[in-house]
Structure formats: C-alpha cells, structure tokens
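Which chain is which? They are A, B and C, in the order written, and residues in each are numbered from 1.
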Amino acid sequence: MNVSEVISITKPVGLDNDIDSDVEMSDSENQAQDSFKQSIVTPGELVTDDPIWMKGHGTYFLEDRTFSSVAGNISRVNRLLSVIPLKGRYQPETGDHIVGRITEVGNKRWKVDIGTKQDAVLMLGSVNLPGGVLRRKSESDELQMRNFLKEGDLLNAEVQTIFNNGIASLHTRSLKYGKLRNGMFLKVPSSLVIKSKNHSYDLPGNVSIVLGVNGYIWLYKTSTGINSATNTSVTSNTNMFRASVDTTGSYAIGQGSVSITRLEEESSWEIYSDKNDPNISNSVRSNITRYNNVLRAMSFCELGITEQRIIMGYEASLSYSNIGSLIDKESMESICQDIINNEKMRG
Amino acid sequence: MSRNTEISTNERTYFIEALKCGLRLDSRRFDEIREPQISLSKTEFGYVELDWGLTKLAVRVSAQIGKPYEDRPFEGLFQINCEISSMAWAHFDNSKNSNEEILIARIIEKAIRRSNSLDLEALCIIAGEKVWNITVDLNFLNFDGNFVDVGCFGAMLALHHFKKPDISIVNGGEDIIVHDIDERQPVPLSILHVPICLTYSFYNPGNKESNLKGEDDDEIYLLDANLIEEQVREGSIVVTLNKNRELIQLSKNGGIPISANVLLDLSFKSMKIVDELTELIKKVISKHEKERYEELNLKMLEVGADR
Amino acid sequence: MELYSPEGLRIDGRRWNEIRNFECRINTHPNSSDGSSYIEQGNTKVICVVQGPMEPALRSQANSNEATLEVNLSVANFSTTERKKRSKSEKRMVQLKTTLERTFQQSVMCNLYPRTLIRIDLHVLSQDGGMLAACTNAMTLALIDAGVSMYDYVAAMTAGLHDQTPLLDMNGLEENDMSTLTIGVIGKSEKLSLLMLEDKIPLDRLESVLAIAIAGSHKIRDLMDSEVRRHGNIRSSKLAS
C-alpha cells in the first residue's frame, strides 16, 4: 500500500528543532531520518539480518532476521544482541537489599510485594524466629505465622535466590533485616536507586533511611539501641550467628536494646513487635517529613538517589521553614538544582 | 468459557498435522459446511428445529401487540433473544455473563436486526400507538461448534415460517380485532433480505513469528468448525452476506492476523454457499406451504375463478 | 447537508483520503501506572493506562503458560453531545472489550510473562467516530511505554463507503450515515488483526475500502512510531547524563 496516498496534516514543528520549519506539512520521512541518529529501536523493527548474533532479551527472530520487541536501546555484548527497554519493572537480583510489604500469609511462606512482575516469597525457614537461630521449626510455628508477619506489614530483606520462573526468594536472617517500625514509607522509581554496598544510612536530624533497590524507601527515627561499641565486642563463636551488623547499619529491635550475646535468652518477640517507639519527638517527625519531600523532589526531577545527595537535598531544604511548601513544582526543581550544583562544586 | 484448557497438546498437534496433510477430522472439505436437517412445525407457525451436524437449535417466533418507541412511531419492535445454557455444553455458564455468549448474541443481532432484514414498517398497525412486537427466541440445545451460523440460519428460517394473525381496524382506528387463525388466514412477515452468516476458523501451522513477519500466507482456514475444531482454533472471522452480493457485517474479534488478500478471497468464495443456503430456505418453506395447502384443502377457500 | 460534495470535500473539509488531526502522547501518567498514553483522532480522545505485568488479584486469573490481559473500557457519560449513562456490562461494551483483549493477546508476547496479569484501563473522554480504532492505538502506545514485549504495532483506522467512493477516517456524523469498516493492522504489513464492519456494503466495493483503510493504518503507525522515538530519544539522553 502506498503510504503517500494518504494525506495527513500534522502541527508545525517548533523553531528550536533541526527540521525545516517552513515546511508545515511534515511527512514521516524527515522525522524518521532524524531519529535514526540515536539507536532507539521500536517494536517490530528489524535490528539485523546477520545470523551470527545470539538473540537476547527484547528481541525475536524469524530465520535470519532479528526484530526488536520493545522500545529501547540496542546492546551488543560479545555475541549477544539484546534490546534494553526504556522502562520496566524492577528486576530482582541476588543480594539486593529491598523493602517489601506482606500481601499474603500462606503455607510455610509469606508472599511479599516488592514491585516486580510477580510477588516475592519469604519462606518460614528464612526468617529469624524468637528463641534463637537454631530453633527447630514446629507445626505451631506454621499456625502462628500471622503473629510474626501479617498482611500489610513492611519489612526489609535481602534477595536470597531467584527461582527458574522468575520469582525472588527473600530472607531476613540478620539483625539488620526484619519488620520496620517508627517511620513512614514512600515509593520512587526503581531506576533512580543507585546500587551500592550499603543501603541503610543514618542521616542528620536523627533520622535513618532504608533505601531499597526496588525503589521502596523507609524513613524512620534513628534507633538509640545497639551502638557500635557493643557490636565490636561480639566474638565469633556465638552460635555462628551472622554478625553482619556493621557500624552504619545498626538496626533497632523493638523498644529495648538487645545485645547479640543475650539473643538466645531474650527469645525476644520484640523483633516482630507491632508497637512503635512512644517517644518520637516532633522535631524527628518533621525531619522525616522533610526527607520525604526531598526524596519526592528527586524522584520528580528524575535524579539518581544516593546518600550524599539526600543529605545535600536536606541541607538545601532547610532554607524552607515551611516543610509543606517543598511540594511545589518550583521548590522541587530548585532543591534538585541545588543538589546538582553542590555536587559540581565538590568535584 | 475456558476454551483452551479442554484440549490436550497431543490432540491439538494431531489435529494440526492432519490439516497440514489436507485432512479434516470428519473428512469434510475445508470449505464444506455440514448438511442442515430442518424440521418445520406443522401445527404452529414460527417454530423450527434445526440440526446442523450435532449442533441442535430450536427457534420460536412470537408476536404481540405493543406500543412503539416514541422516536420511531412507524416502526414495529423486533428482538432476538439467545438462550445459551449449560444444557448445550457443560462449559457454558447459566448466567449470561460469559464473553463468548455475548459475542454470539451480538453477531446474530447485527446480522439480522441491525441490517433491517425484517421490514419494521410493515409491522405498524396504528402509527404511534399499536405495532407488532416480534420476538425470536433461539434455544441452543446442543453445542457442536458454530452457534453463530446455525443461529442466524435458524432465525431466518423461523421468520420465513412465521405468520402473524390477521387484523382489522374498526371504529375509525380506535379498536383492533385480532382474528384467530381459524377465522382468517394468517399473514406472513415481510422480509427484505436474507442474511447468511459464515464462520471461518483459522489455524497457524507455523509459529507466531512466521505468521506476523513471514512473506507467505499459509494459515489454514476451515468453514463451519465443529466442537473440536473450535477449541483448537487460533482465530475466527464471521462473514455475513446476502443473495444480493451485499456484505452485511464482518467480525474478526482478535485471533491470529490474516492478510487482506485472504479475507477478500474468502468473502468472494462465500457467495456460492450463501446462494445455496438462501435457496434452501426458499425451497423448504415453499414445500411446506404446498403441503399445508394440500392438507387443509385450502383450494376450496380461494376466491376467484380458475382460468 | 451533503456528506461528500461533488468537488470532493467532506463535511469537515477533508478529502476522501485525508485523516483527521492525529495527536499522541506517551508516558502521560508516570506515577500511577507502568505505561500510559493519550490519543486524539480528530475529536475522539482516549486515555490508556497500563498496570503490569503484575501479580494477579485473583488466583483464577493466573495462567501458568502466559500472561492474562484484562481490558476495562469505560466511556465517559459526557463523551457524546448528549449526556448518556452507559453501563459497563452493556453488550456493545463487552464486545469491544473482548475484541481488544483478543487482538492484543496475539501481538503481546504473553508467553514471556506467565502467571501475571496485565491490566489495561481505557477511558474514552470524547467520541466523534472511530472509537474502537482510537482505543486500539492508545493501547498499543501504552503497552510499548510499559516496556511489555510486543511483536509489532497494532495500528487501527476506520474507512467507509459513500455511494461509490471510499472515505478514510470517519467522524461521528459520517459513521451514523454510512457503513464503516474498522481495521487493526500489524505494523507495516497487510495482515489484519482486528476487523469490524457493522453495516452493509456491496461486496464488490470491499476491496477499495480495505485498501484505503490499510494505507491509513500504515500512516497512523508511522505517526505513532515517530512519537515513540522522539520520547525515547529524550528519555535515553536523560538516562545517559
């Protein structure tokens, strides 16, 4: 079918464009030529005729021809040809520190929403149960699962493995993981969270943050419980417990402080307590709100999120005495501009 | 209605391979329909039982007098009612909510009602006040594929067979007398054209990519699918034509893409079958008329001299 | 009021082979959805929002082999010149919804997302002919925006017949008076995924109507593609910086 048979009149293109601005009836050929400069491919487009390439994600093939199945950038790595989509849901990888919400209590497992295509699972055997690490899982544990974690609870965990069908399996076998309390939750696009070694930070203003790789964030009052002094005195022969609590990522368990050496005796139900700290001061609460708005501003301007930038954003926001005004578009843009400027200044 | 879960992979593969060899499981040709068995009721007008292979349908046409729509005071009322219950096939839902059932009802309605096959203005008695309200009830008794074609054919047959009671208007338009059929001969309906639906089912012998990006059109199409063929099919198109070479409606509700050339081809080929089926209706009805004429000795009631 | 003047002009001043003003935007709802789009074809305006692939809300929707598509079509009460309450379970709505689901079941690579649900919400804000076509186009764009793997674009267009002349891209007045054919074409090919003709046309005229409708669909596909590329390039350069 001859496309030139069809008349279409599109709006005149802007003057800041390279295309001839005196041509009001722009046809598709001009625009197509411009776009071929970048390597964006769209679904159904022929990527290559060469049979030598291995076909990766985002492509499909017929005989020798490879076509793209998503809108994205072509990636050629060794012999693997794939198309990376511009947008997509978070893809879990082993070792990712994520924040999730329980959606279902099932047979010896919980289903957790972490923003992926299928909900992740948290097996009963992958959590710490009160009474120590080597406690055997009994039938009564299965029946009491809801007492530990129920629908709607938020927790931070690590991705342990990914099954063949794409479902992630989580674990909370460390004191720094578990149920979250004393704070608030927010979501940002997962592409903005830059992966780093550590994802729990203490921020100025008595606020701490858990920055999940999946874009789910937990802001909370910094715990006054475990401090670095007690941790460094942990000996390695305390039941092979993974003392993965490091100095920056200390995690408060419930209200009281629980030192590792006394974990067995404590058999604390506090790790699954549903009670918040009753003494959260107003200043801490307003700081949490401030951080929340700064993160929203960074998400709005599509800025990558790191600990440094959050702190810079917080400092920039201190000039706004009314925290609520931070949600205006201009304020958000100015905060992000300050962050970028600060970064450039520090080199 | 969950169609895809009822057939095993082996059955499906066997079927497709047979198609590739040019064989259909009931040894019909690819473009051959099953022979309809028609039985018209001798005692009442408007009741027809239709057997199309193992698919069975009972149709009844009934008429009542009612008030017309306000914006159409000269037109009669016409409804088509499809009753698909789990009597026909265990997988049909008794409630009318299934998407499949609504599609079937909608296509039959578009083919018959929307195309004005029945002359609605001839149903008018007193404009703005009294008109005939014709209802066609399609009761599907057994499902062996292809409710659309059978339903449409059955409905048209029943409409041809039906006769409404004769009426006379008295008192200057105030009252109507509806005459009993024993008193006066009933009057047939005025049918403007006869739409015939034909359903083609598509099967893809290759893989999806070759269907979408390949150069040749090697999809296989079958006319008048039975139950197994319908369960395995990957797409279907309903073409409705009448004897005057008019395309009444075309419906392709998803399914594998087919090329425009194939579509045109199918439409032209369908004309022959449409002609045959329309002839069949006319033949059956006129035969029935003649029998009735002989039986009731209506010759004696005729007024007029023989020449 | 004549629908087609002897000089070859239609009621809105277009020629027989001229499409209405086509505008499309992608990623219009970045916070509330995985993919979104907005289409204007003349005065017909449709918003499409895609959520997914995601965990199905009902266990019964989880198909172990492929993704389930769920389309919700809601036509606003104010979409036509006269305000009219429309029910979602009306037969016509169910038919359109099922047609869209089945059409995209073929062009989305559903086997890549087993046990998930892709939920598509279409909102028709204004109707002036070509509603099914606009919905199809909006769905294509929104699914591309969500990063769902698809074999190709599904571009839809309407065409009708006035006397002996085929007319491309029918508006509301023309649709009421003439028979209209809606088709959905796969990419640049001549394969038809969606086909709907609701009123009579002479069989011998089918070819000419089909021909201009396919040409129109190809044009729409090009317009959609250039918008996807434009948006993609902007986004790509942002990610790089």
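Here is the rule we go by: a residue touches a chain if its C-beta (ideal position, glycine included) is under 8 Å from a C-beta of that chain, and two chains touch if they have at least 3 such contacts.
For each chain, UniProt lists the protein as follows: C = Ribosomal RNA-processing protein 41.
Since the structure is predicted, the reported quantities are computational estimates derived from the model, not experimental observations.
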item: Chain occupying the most central position, where position means C-alpha average; value: C
item: Chain located farthest away, centre of chain B as origin (C-alpha); value: A
item: Chain pair showing more contacts of the two, B-C and A-B; value: B-C
item: Rounded Å distance between chain A and chain C, as computed from the means of their C-alpha atoms; value: 34
item: Distance from chain C to chain B - Cα centre to Cα centre, in angstrom; value: 30
item: Distance from chain B to chain A - Cα centre to Cα centre, in angstrom; value: 57
item: For chain C, residues contacting two or more additional chains; value: 151-152, 186-187, 190, 211, 214
item: Interface hub residues of chain B, defined as touching at least two other chains; value: 209, 213
item: Multi-chain contact sites of chain A, meaning residues that touch two or more partners; value: 60, 67
item: Sites on chain B touched by chain C in the complex; value: 97, 99, 102-103, 105-106, 109-110, 114-115, 208-209, 211-213, 235, 237, 241, 245-261, 263-264, 267-268, 271
item: Footprint of chain B on chain A - complex, ascending; value: 60-62, 65, 67
item: Residue numbers on chain B that touch chain A, as the complex places them; value: 209-210, 213-214
item: Touch list for chain C against partner chain A, complex; value: 15, 17-19, 21-23, 27, 30, 34-35, 52-55, 109, 113-116, 144-153, 168, 186-188, 190, 211-212, 214-216, 218-219, 222-223, 225-226, 228-230, 232-233, 235-239
item: Touch list for chain A against partner chain C, complex; value: 1-3, 5-11, 28, 31-32, 35, 38, 40, 42-44, 58, 60, 67, 69-73, 85-89, 103, 111, 113, 117-119, 165, 189, 191, 302
